[in-house]
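Common to both upcoming complexes is chain A, partnered first by chain B, then by chain C.
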Partner chain A sequence: MIVAFVMGVFFALQYYIPHPFTDDLLTGISKWFIVISGIAMGLGIVSLFYLHYHKIKRRAPAWGFSFVMFIALFAMVGIGIYCANAEVITETGKQTIYGWLYQNFMVPLQSTMFSILAFYVASAAFRAFRAKTKEATLLLIAAIIVMFARVPMGEYVYAQIPTFQVGGVTIPPSIGDITSWIMKTINMAAQGGISLGICLGIIAMSLKIIFGIEKSYMGSTK
Partner chain B sequence: MNALLKKMANLDRRIIYVLISLAIVIPLLYPLFIEVNVNPEAKAVYDTIDNLPSGSTVFLAMDFDPASKPELYPMAEAVLRHCFSRDLKVIGMTFWVTGVGLGEKAFTDIAKEYNKQYGTDYLYLGWKAGGYALVIQMGEEGISAAFPADHYGRETSTMPILQKVSHLKHLDYLVELAAGGSIGTWYYYGKMKYKFKMGGGCTGVMVAGWYNLMKIDWINGFMGGLRGAAEYEKLINKKAKATRGMDAQSVSHMLIIAMIIFGNITYFVNRAKGNK
Partner chain C sequence: MIWLFILLLFFIPVSLPAQEPAPPTPIAIAKTPSEFQAYDTPNNCLDDVSLIWKAVPSEVELINKSKELKELNKTIAELQAKIDNAEKNKRDDKYYSQWEKKSADLDENKWKEKLAESEKKKIKISNEVDALKNKIIITEYIVYIDKNADGKFEQEVDRFPSNANWKSDKEWPFWVSGTKEGYHYVEINILEQFPAGTLPELKKKKSELQKVRSEIEKSKLEHKDYSKANSRKLNLMKEVNILEDKVSAEKNEIKSKPYYFKVTAADKDNSVLFTFPVLSAQAKDNWFNWSLAVNFLVMIFFCATVIWFISHAKKNKDLFLRRINGLDAVEEAVGRATEMGRPVFYMTGITGMDDIACICATVILGKIAEKVAQYDSQIKVPHRDPIVMTVCQEIIKEAYIKAGRPDAYKSDSSFYVTGDQFAYTAAVNGMMMREKPAASFLMGSYAAEALLLAECGSTTGAIQIAGSDSTDQLPFFITTCDYTLIGEEFYAASAYLSREPVLVGTLKAQDFGKLFILAALVFGAAISLAHLPWIIDIIKDFS
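Up next, the complex of A and B:
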C-alpha cells in the first residue's frame, strides 16, 4: 500500500513538474516497469501451467485441450529457443521454422476464432435486434443506415436514386453525408459522454488505490 | 400460416450460418469490383505521408494480432507501399507479442517489392515487454536504448536509419494500427510529450470511438476497418486484399440488413397475431 501510495503520488505530480530531475526519475522507474513486465510474463506462464496441469490431473471436462495447450507451448518455445536459426524452404522463399509455425498455425487459428464472430453477429442480429421500444427503433434505424452506407454496394445502390435541388439543397442528401452526420454528431456526442464517464471512473479508482481504500489488487476481498 | 410465421421467427441458426458463408465466399470467388469512395479520414493519413519530404521517417506501430489481420494487415501493407514508393524510411514495432510475426512478414514482403535495404531504409524492432514504459524510454533515452537489439537480434545503435532519428521527437509521423487501446499509450506517453504527428488505423468495431480521437486532435486521420484499408489501397493505386474483401463485406452487410428487417417483420406479424 505504501508503494502504491508513493508511486501513485509521484507519477501524478511528475506530470505537472517538467524538470530534468523528474524526467530522469520517470525514465528510471519506467525501466523497472519493463523488468516487472518481463517477470509478469513469466508469472503468467507459471499460472497457465498450474491451471492446465490441474485440469488434466482432475480429468476436468475438455481436459484434452489442456494437453494440446502443453504440446503447443512446448513446441513453440522449444523451437524458438533451440532451432531459432533453422530454416525451411517455402513457396515464397526461406523462412525460419518458428516463423513457418506462426504463419501456418497461429495466424489461421486465431483468424478463424475471430471470424466465427461474424456468424454469431448475424444470428444475434436476426433474433435480438427488434424494434420493441422507441430507443431500440432509433438504434436499429441508425445501425441499418451505417451498415448500408459503410459498404460500396450500399453507396452504389443509393446513388441510383434520382436527386433534385430544392433551394440549393440536394434531396435526398448523399448517403455519405447522412452517415457522416450520424457518426460525427450523434455518435461523437454519445462517445464523448462515455469517455468522460470512463475517465472519471479511472480517476476515482486511481485515488482509491493510492489512498488504500481499494485493496482488491492485493488479494483483499474487503 | 401461423405455424410458418412461428417457424420463420425461430429460423434454424444453421441456415443463417450457411447464408453468411455463401455471402462471404461467393464474392471472394467472383468479385464485383464495386468502387470504394474515399472518406476524408483516410485521405488525411494519405496526404500527411504523401507530403513528407523524401528521407523522412515514419514509425509504424502494428499493435494487433492475427485475429484482426483481415482488417489491419492490408493497412500495414498499404502504408508501407506508400512510404517505400516515396522513399520514406520506416521503423516498425508492436506491443502485441502474438502479432510480432505479422509485422515481420509485412516489412519483409513489401521491402522486397521496393528493393529496400534493412537498417538503412527500414527497421523492424519487433516486440518487447514494457508497454508504455518503452514509449517513455524511446522518447527520453532513445529508440536504441529501448531496443538495443532489433527483432532479429542485431544491434540497433549502429544502424544508419537511427542516426538521424534517434528519439521519438525526431519522428515525422507515427501511424498506429490498433486492435485495442494502444492508441492511448502512444498519445499519453508519446505524442503529448514529444509532439510528433500521429495518424492511424483501427478495426471496424473501434471506428465509432476514433472519430472522437480525431476531433480532439489525438490523430489527424485514420483508416476505419477493412473499408479504411480499401480506401488507402485506392489512394495509392494498388488494389489488393482489402479491396477484394470489400465485396464480401458488402454482400454480408446487405444480408445482415435483410435478416434484421425480416426478423422484425416476423416479430410484428407474430405479435399482431398473438403468437409468442
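Up next, the complex of A and C:
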C-alpha cells in the first residue's frame, strides 16, 4: 500500500515537474515494469502447461486441442531457437522458417477470427435495430441514414432526389451533411457525456488506490 | 433684479464665444524597439534561453491590419462564391416556383450589398497596410550570442523579418508569459550554439557501431563467422559508453554558465539601425511547469473534495445511490449458475495492470468471486496478461476466504491463455461453446474482440453483464449483453456492490465533479454566445 501511495503520488506529480530527474526516474521505473512483465510471462507459461496437462490427464472435453496447443508451442519455440537462421524460398523472396510459419499459420487464423466480426455485427445489428420502442425506432432511423450515406449506392440513390433553395439553404440537405450532423452533434454529445463520467471515474478510482481506500486489487480486503 | 439675473444666467452660455477644440494630444510613437529581456525559458528543462523585446508600435499595427485584410479577403471570397452559385442556379433554372426564385433574388441582392461594402473596406485597409509598410524602417532583427559580455558577438543565432516571431504565437497562459501582444520572442538552444566538444567523436563511434551491427546481422544470415566483428562491437560499445559520459559532463559544463546576447535591428539595406544593450541568461532545469498551474490546482481541489466526501460519508452512512440494474443482476446471474451447475466466466479485458480499467475489473472480480463462493458455484477467469492473472488468483483466493469457503478455491480458476488478441478470443469462445457458462462478465477495456466474445456468449444463452470504458465498444455490449455498465457505472461498481461508506463517498465526489464541469460548460456556452472574445481568451489560458 505504501508502494502504491508513493508511486501514485510520484506519477501524478511527475506530470507537473519537467526536471530531468523525474524523467530519468520514470524511465527507470518503466524498465522495471518490463523486467517484471518478463518474469510474469514465465508464470503465464507455467499456468498454461498446468491447465492443459491436467485437461489431457483428465481426458476433459476437447482435450485433443490441448495436444494441438503443446505441439504448436513446442514447434514454434523449437524452430525459433534451433533454426533461427534457416530460410525458405517463397514467391516473395527469402524468409526464415519461423517467419514463414507465422505468416502462413498465425496470420490466416487471426484474419479468420477478425472476419467473423462481419457476421457478428450483422446479427447484433439485427437485434439492436428492431423497432420495439420509441428509442429503438429512433436508433433504427439514425442507423439507416448513416448506413445509407456510408455506401456509394446509397449516396447515388439519394442524389436523384430533386433539391431546391430556401433562403440560401438547400432542401433537402445532402445525405453526407445529415450523417455528419448525426455523428458530430448527437453522437459526439452522447460520447462526450460518457467520456466525462469515465474521466471522473478514473480519477476517483486512482485516488482510491493512491490513498489506500481500495485495496481489494491486492487481494486484501482488510 | 433677481429676474434679470436669472435671465442673464440663461443667456450667458449662449452668448459666450464657442470654445475652440483642444488640439489633439500627440501620441508618443516609439521609433525603436524597447524592453529587451533575456531569461531561462520557463516550463521546460530543455537547454533553451528566451529573449523578448517590445516591437515598434507600427509593426504591431501592421500585423493587426494584415490579419484584418486576410479575414476580409476570406469574407469576400465566400460572398462571391454564394453569388456565383445563386447565378448558376438561375441560369440552370433550378428553381421550382416563382416564390423560390424571388427569395433567392433577395438573398443575392443582400450578398451583393455586403460584397460592395467589403470591397470598399478592403481598399481602405490595403492603403493603410501599404502606408505602414512604407513607414516601417526596421526590416529584420539579428540575434547574436557570445560567451563574454565584452566579446565580439560574431556568432549569429537567428535572423528574422520584423513582422515575424511574435510572443502572442506562444500558447502560454498569461501568468507565464505576461503581456503577449506586441512582443518579439526568440528561443535559443544553448547546446546547439555551443555543442559538446566530444559530440562529433561520439557520433562517429555510434555510426561505426551501427555498421558493425549490420555486418554481424549480415554474417548471421549468410552463416559466416562473425566473432571478430562481435569483439569489435563490444569494444565500440565500451568506447561509446565512455564518450556518452564525457558528452553528458561537457553538456552540464556548458549549461552551467551564463551566456550573453545582443540583438540588432537592420533596415532593408542591411545597415544597423539600433542595438540593444547586451544581456545575459542561463538555461536552468525547472521544477514546476507553470503553464499547468490551473490543472494542478484543479487536481488538488478534486482530491480535497474526494477526501471531504469520504469523511462526510463516514458520518452520514445513508447516502443515496441510484439503482444500477446491471449490478443488481449480479446476484441473479451467479444464482442461475449454481442452479444450472454451470460455470461463471469473467474476463478482465485486454489491457494490463497499468490500465485503471483493468484494476477496476479486478476489484469487481473480488466482489463477484465472493458471491460465487457463497453460492457454491464455479468461476473461470481466462487471461491474456500473466501479471493480471497472478493478481486475480490472489483476489479470488481472498474472496473465497472472506466467504468462509477456502476449501472450495481452485488455483486453476484464473489461468493464462495467450497474449495474442484473436488467439485469446478464439480460445475463450471455444471454452464458452464447450462449457456453456450460465453467466458471463465482460469487464475492463476491450477492442475488436468485444463483439466476438459478447456475441458468442449470447449464443450460449448465458446472462451477460458487461462493464467498460471503451466508448467504441459500448454499442456492441449494449446490443449483445443483458446488462451493460456504461463508463462511470463501471467505475462505481465496487462501491455499489460493497456499499462501504468510504467507497460511496468517492461516488458523491464524482457527482460533485460532474456538477462543477456542467457549470463550467454552461458558463462557457453563455460567454461564447455573448460574443466576448477577450473573456474567451482569458478562459483559454485556464483550460
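Structure notes:
Here is the rule we go by: the second predicted complex is superposed on the first by the 216 of 222 C-alpha atoms of A that agree within 3 Å, B and C clash if a C-alpha of one lies under 4 Å from a C-alpha of the other, contacts with A are read in each partner's own complex, and residues count from 1 in each chain.
One rule holds for everything that comes next: contacts are C-beta pairs under 8 Å (C-beta built on N, C-alpha and C of every residue); 3 or more make two chains touch, one makes a residue touch a chain.
Being a predicted model, the structure only gives us computed values, none of them experimental.
In the overlay built on the shared chain, the residue A:110 is in contact with chain B and with chain C. Applying the stated contact rule after C-alpha superposition, one finds that A:41 touches each of chain B and chain C. With both structures placed on the common chain, the touch criterion links A:118 to chain B but leaves chain C unconnected. After overlaying the two complexes on the shared chain, residue contacts for A:99 are found with chain B alone; chain C is out of touch.
Once the two complexes are laid over each other on the shared chain, residue contacts for A:195 go to chain B and to chain C alike.
Within the superposed three-chain arrangement, the count of touched residues of chain A is higher for C, of the candidates chain B and chain C. When the two complexes are overlaid on their common chain A, residue A:131 makes contact with chain B while staying clear of chain C. In the superposition on chain A, contact is made by A:33 with both chain B and chain C. Within the superposed three-chain model, A:184 lies in touch with chain B and out of touch with chain C [touch as defined at top]. Touch criterion not met for A:75: it reaches neither chain B nor chain C. In the three-chain superposition model, chain A touches both chain B and chain C at residues 23, 33, 37, 40-41, 106, 109-110, 113-114, 121, 123, 125, 127, 191, 195.
Contacts from chain B toward chain A in the complex involve residues 11, 13, 16-17, 19-21, 24, 32, 34-37, 39, 65-70, 98, 101-102, 104-105, 109, 128-134, 136-137, 140-141, 207-209, 211-212, 215, 225, 227, 246-247, 249-257, 259-264, 267-268.
Remark: chain A residues 12, 15-21, 23, 33, 36-37, 40-45, 47-48, 50-51, 54, 61-62, 65, 85, 87, 106, 109-110, 113-114, 116-117, 120-121, 123-125, 127-128, 162-168, 191, 194-198, 200-209, 211, 213-214, 216-221 touch chain C in the complex. By the touch rule above, chain C contacts chain A in their complex via residues 43-45, 82, 86, 89, 94-96, 100, 103-104, 107, 220-221, 223, 285-289, 292, 295-296, 299, 302-303, 306-307, 310, 352, 354, 356-357, 359-360, 362-363, 366-367, 383, 385-387, 389-391, 394-395, 397-398, 402, 412, 415-423, 425-426, 430, 434-435, 448, 451-452, 455, 469, 471, 474-476, 478-480, 486-488, 490-492, 494, 502-503, 506-507, 509-510, 513-514, 517.
Residues 23-24, 26-27, 30-31, 33-34, 37-38, 40-41, 92, 99, 102-103, 106-111, 113-115, 118-119, 121-123, 125-127, 129-131, 140, 143-144, 147-148, 150-156, 176, 183-184, 187-188, 191-192, 195 of chain A are the ones that touch chain B when the two sit in their complex.
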